[in-house]
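Residue numbering begins at 1 within each chain, and the chains themselves are lettered A, B, C and D in the order written.
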Amino acid sequence: MHIGFLGLGNMGGPMARNLLKAGHSLTVFDPFPQAVSALVEAGAAAAASPAAVAEANVDVIITMLPTAAHVKEVYLGKDGLLAHASQGVLLIDSSTIDPLSARAVAKLATAQGNPMLDAPVSGGTGGAAAGTLTFMVGGSVSVYDQALPILSAMGKNVVHCGDSGNGQVAKIANNMLLGISMAGVAEAMALGVALGMDAKVLAGIINASSGRCWSSEINNPVPGVLDSAPASRGYSGGFGTDLMLKDLGLATEAAKHARQPVLLGAATQQLYQSHSLQGYGGLDFSSIIKLYQMGNQA
Amino acid sequence: MHIGFLGLGNMGGPMARNLLKAGHSLTVFDPFPQAVSALVEAGAAAAASPAAVAEANVDVIITMLPTAAHVKEVYLGKDGLLAHASQGVLLIDSSTIDPLSARAVAKLATAQGNPMLDAPVSGGTGGAAAGTLTFMVGGSVSVYDQALPILSAMGKNVVHCGDSGNGQVAKIANNMLLGISMAGVAEAMALGVALGMDAKVLAGIINASSGRCWSSEINNPVPGVLDSAPASRGYSGGFGTDLMLKDLGLATEAAKHARQPVLLGAATQQLYQSHSLQGYGGLDFSSIIKLYQMGNQA
Amino acid sequence: MHIGFLGLGNMGGPMARNLLKAGHSLTVFDPFPQAVSALVEAGAAAAASPAAVAEANVDVIITMLPTAAHVKEVYLGKDGLLAHASQGVLLIDSSTIDPLSARAVAKLATAQGNPMLDAPVSGGTGGAAAGTLTFMVGGSVSVYDQALPILSAMGKNVVHCGDSGNGQVAKIANNMLLGISMAGVAEAMALGVALGMDAKVLAGIINASSGRCWSSEINNPVPGVLDSAPASRGYSGGFGTDLMLKDLGLATEAAKHARQPVLLGAATQQLYQSHSLQGYGGLDFSSIIKLYQMGNQA
Amino acid sequence: MHIGFLGLGNMGGPMARNLLKAGHSLTVFDPFPQAVSALVEAGAAAAASPAAVAEANVDVIITMLPTAAHVKEVYLGKDGLLAHASQGVLLIDSSTIDPLSARAVAKLATAQGNPMLDAPVSGGTGGAAAGTLTFMVGGSVSVYDQALPILSAMGKNVVHCGDSGNGQVAKIANNMLLGISMAGVAEAMALGVALGMDAKVLAGIINASSGRCWSSEINNPVPGVLDSAPASRGYSGGFGTDLMLKDLGLATEAAKHARQPVLLGAATQQLYQSHSLQGYGGLDFSSIIKLYQMGNQA
């Protein structure tokens, strides 16, 4: 298949490479020339604009962009995809954005004859490189079935979440819970240690008990508890604090539009905002435990 | 062995029965005569006071009491255990109380020649009846080794958590995290449903993703998601809201003494307090999701 | 002067009437015909669109609209004010919207030769009718000076808050604090009463002490404490819960863009969201005290 | 009158001096000899224990102690006041403690023939020295009337709050609201400044609007806004962060016993705990604004 790919950053770059490896031909676009040239070296063709991608006789277009504003510009702008794509071209947006924007863009695409899916991912840059991402997909079943082989070239779990926008809903609901859980683990671990417990012993008990969660078992925030966790390598790698902050912002914004209270979600957003304010936005989000430690500034 | 047992309520009663089944002889006390007579029918001897239990030539005394005030009265009162127990009698308190009180009582016990452990449990009334409780034990290794065979007659996991009081620390740290996680799951599920997702689909995605936790996998708060969860039987059974509220109170109180911030823990305590105020104190703690639903009063 | 006025609702209607009373001539627009006809009866001329207002040879145009989306449409749309206003016409937006949108619109207006102010108000529908509103004005001093006589016909306090957008900043900062204070007063009063104090005695002490604030002195949330407060007439009149919720949403959104933590502001937004979810969105915002009372649903 | 006075610290010392100035004779006790000798130089007699004060033929005994544990020890211990005071001696406790403890001690005192009042103060060390404290008094009207002349020698406002314990209720309800208001002012000011406003202009608008409160008008947390506020002298003097933290702890503890939710109160307690953890416990509580500022550690 001939696939257009827009957005070749830390996530989009390795995703596009996996499509090449799977035997697809690619026409790519990114505003940063070096991101484009890296893909061209790997076998992709370069296009000069979103419009040029859309006019390159592609079967499918995949986008991986940082914000809803970028998505709207790339899809709805004068030089954008909708204005230039042929009828029937399948559109897949893997950006993480708010569900309302996702639904609005998909509705316009569908109305002009372009089936569209929202398909945000989890799994991080590691999963993008290894082709083990999880895709949370919103849109009709038939369009999902059509996209499945392509998405499977980039991820190992491709989950249909329901109608348009529901991929985004699943992503932000999961990540809001993830943020709450991580801050909760940080509080529980910091409390236990302050009261005299060994962190490894406490983590072991929690992980065998009702407090267990991904944040305690896989990404424990206390250095030394898990050798494989970012906490044990200075909170480098992993899922950055500012990315968690972005997703918590999307969750509370969506909750506002749905008139749905999310008290812990909103409090957690503020905790991550405080943590980012202290200069830790680039560290793995498990570094939130620094908020609970004396002299964390050192 | 001859074991004294004080506190024969919903937890202590079945725990004492399991000791009888394991072949131990028991002398028991409880202020409610019917609780005592039920155990006497099962083969235990009755005592008229804590002092009488202590003077019944026991090797071990186990207590299962509702609050730190009860523990202090039973151990430190004029008719209490310390004033009447022979040197060398092993004392095990399975009540859930604050670590400071646990340490204070154990220090006095040890000073007069009675080794003592704090050994709070998790697993609920079901685990107490089935003998599958988890014991979180604080005290020296040698005393823990001495108690292990006895505790194993009542539970399947007996975990040494470190020095005196650390059993309580592990319990309240785990349960604080549990309360936060459950409220977080409630918010994430309510948000997802409000935004148009099917609850079962969302739970499936979360449980395969980084948001997964015991509260989403085993005790999902949305009715119908898990047939085995309290949510699917009107929030009956399980771990009551007011018991969660008690443990959150112990956690924030211990945090105050340790000068340790626990922002989400304190917020969650208030959410459970609000939920209890609406009359839901007796429902399983997963019913906290009612806080996030329109017309929850119905 | 000849003034254009767009948005003739509960606030805009009486504001426009006060301009007529002050001797100005008015050309007005509102999508609801009955809102327009009421003003026409009072002496205004009707226009069929924002463009028609702009082309009616006006000196000044004032807008009073519900959301930033409306403001953008009315100012920036094809039939909007910027596309049709003559150079030099003074533009005053009295809507309460986020500062970023206010600044963006004002920048475009200024660039094409139309001086513009953001001038949100406080004082409610009572103040609009009585001409006693407070205007919080953002923009250059010279433009502010030009607008002062016009705004003074509708309000008794006209405060210059600094550059463009700062009127909105002052409004949302004040109202975020107001929401926090009211919820704080509700908690303090509910706590005192639960602990056995008479509400009037407690209010008296607080109002003579360091806890005093507008919400305790002027709008005390306990019925019977102040005869003049909405609480003493079933929480009718006053400043509605859903309006407070809107302003808290603007505040937390602006905080997100400024990367500024507002933990109590965000928690208060969620409390008001919970309160609105229970069906109290139309009551005065002091009704938040119902969240803290048993059986508040009755 | 002959008055016994126990607790001669930063508050009790100057309060006792004012009683001497008013012509009363004093017998005093404090565990720190230098605190006693300072009062002896001013004309008081020294006693070697609480019992010795009670047996010094006093008409009234006033206590000013740091915690409920101290109050219980001084009143209820073997060498304590109740065991040694003559019938009819009036007891006044000006410590700030939880209402339950205050009521428990007063009940025992009254039962043995010693009328007792709880009479915590506000006004700080400055008010103690100047004799301008506010006393919030719980107890019967007749006992209040009896105490009024004595309290008036130390304060300018003496308010009867109702039955026993209500002085403490008024104090903690007011101070909880004060803590919430101050954190709210800090958030509003930090948000406004982050969005581009001048702090003095914003404070001026808030103080003329519905956000106004003691914390914005008298103790504004931004340096330079008020020359007389602690913020303008490095947050020295004033009411310390750790004292606010103590009062918030009393408020949330009393709320727990009353089963009353106080969500913002609990969140504010955690914010002050976080602030104290960073080493700011000794600064005026308005320094909480540092939590909201980048690089606050500097």
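Here is the rule we use: contacts are C-beta pairs under 8 Å (C-beta built on N, C-alpha and C of every residue); 3 or more make two chains touch, one makes a residue touch a chain.
What you see is a predicted model; the values in this text were computed from it and never measured.
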{"item": "Between A-C and B-C, the pair with more C-beta contacts", "value": "A-C"}
{"item": "Identity of the chain that, by mean CA position, is farthest from chain B", "value": "C"}
{"item": "Inter-chain centre distance, chain C versus chain D - centres from mean C-alpha coordinates, in Å", "value": "39"}
{"item": "Centre-to-centre distance between chain C and chain A (centres being mean Cα positions), rounded to whole Å", "value": "37"}
{"item": "Distance between chain centroids, defined by C-alpha means - chain B, chain C (Å)", "value": "51"}
{"item": "Per-residue multi-chain contacts in chain C, two or more chains", "value": "255, 259-263, 267, 271, 274, 277, 291-292"}
{"item": "Complex contact set, residues of chain A against chain D", "value": "263, 267, 274, 277-279, 291-297"}
{"item": "Complex contacts: residues of chain B adjacent to chain A", "value": "99, 122, 134, 136, 157, 159, 161-163, 165-166, 169-170, 172-178, 180-181, 183-185, 187-192, 194-198, 201-202, 204-206, 208-216, 218-219, 251, 254-255, 258-265, 267-268, 271, 291-292"}
{"item": "Interfacial residue positions of chain C with respect to chain A in the complex", "value": "249, 252-253, 255-256, 259-263, 266-267, 269-271, 273-274, 276-277"}
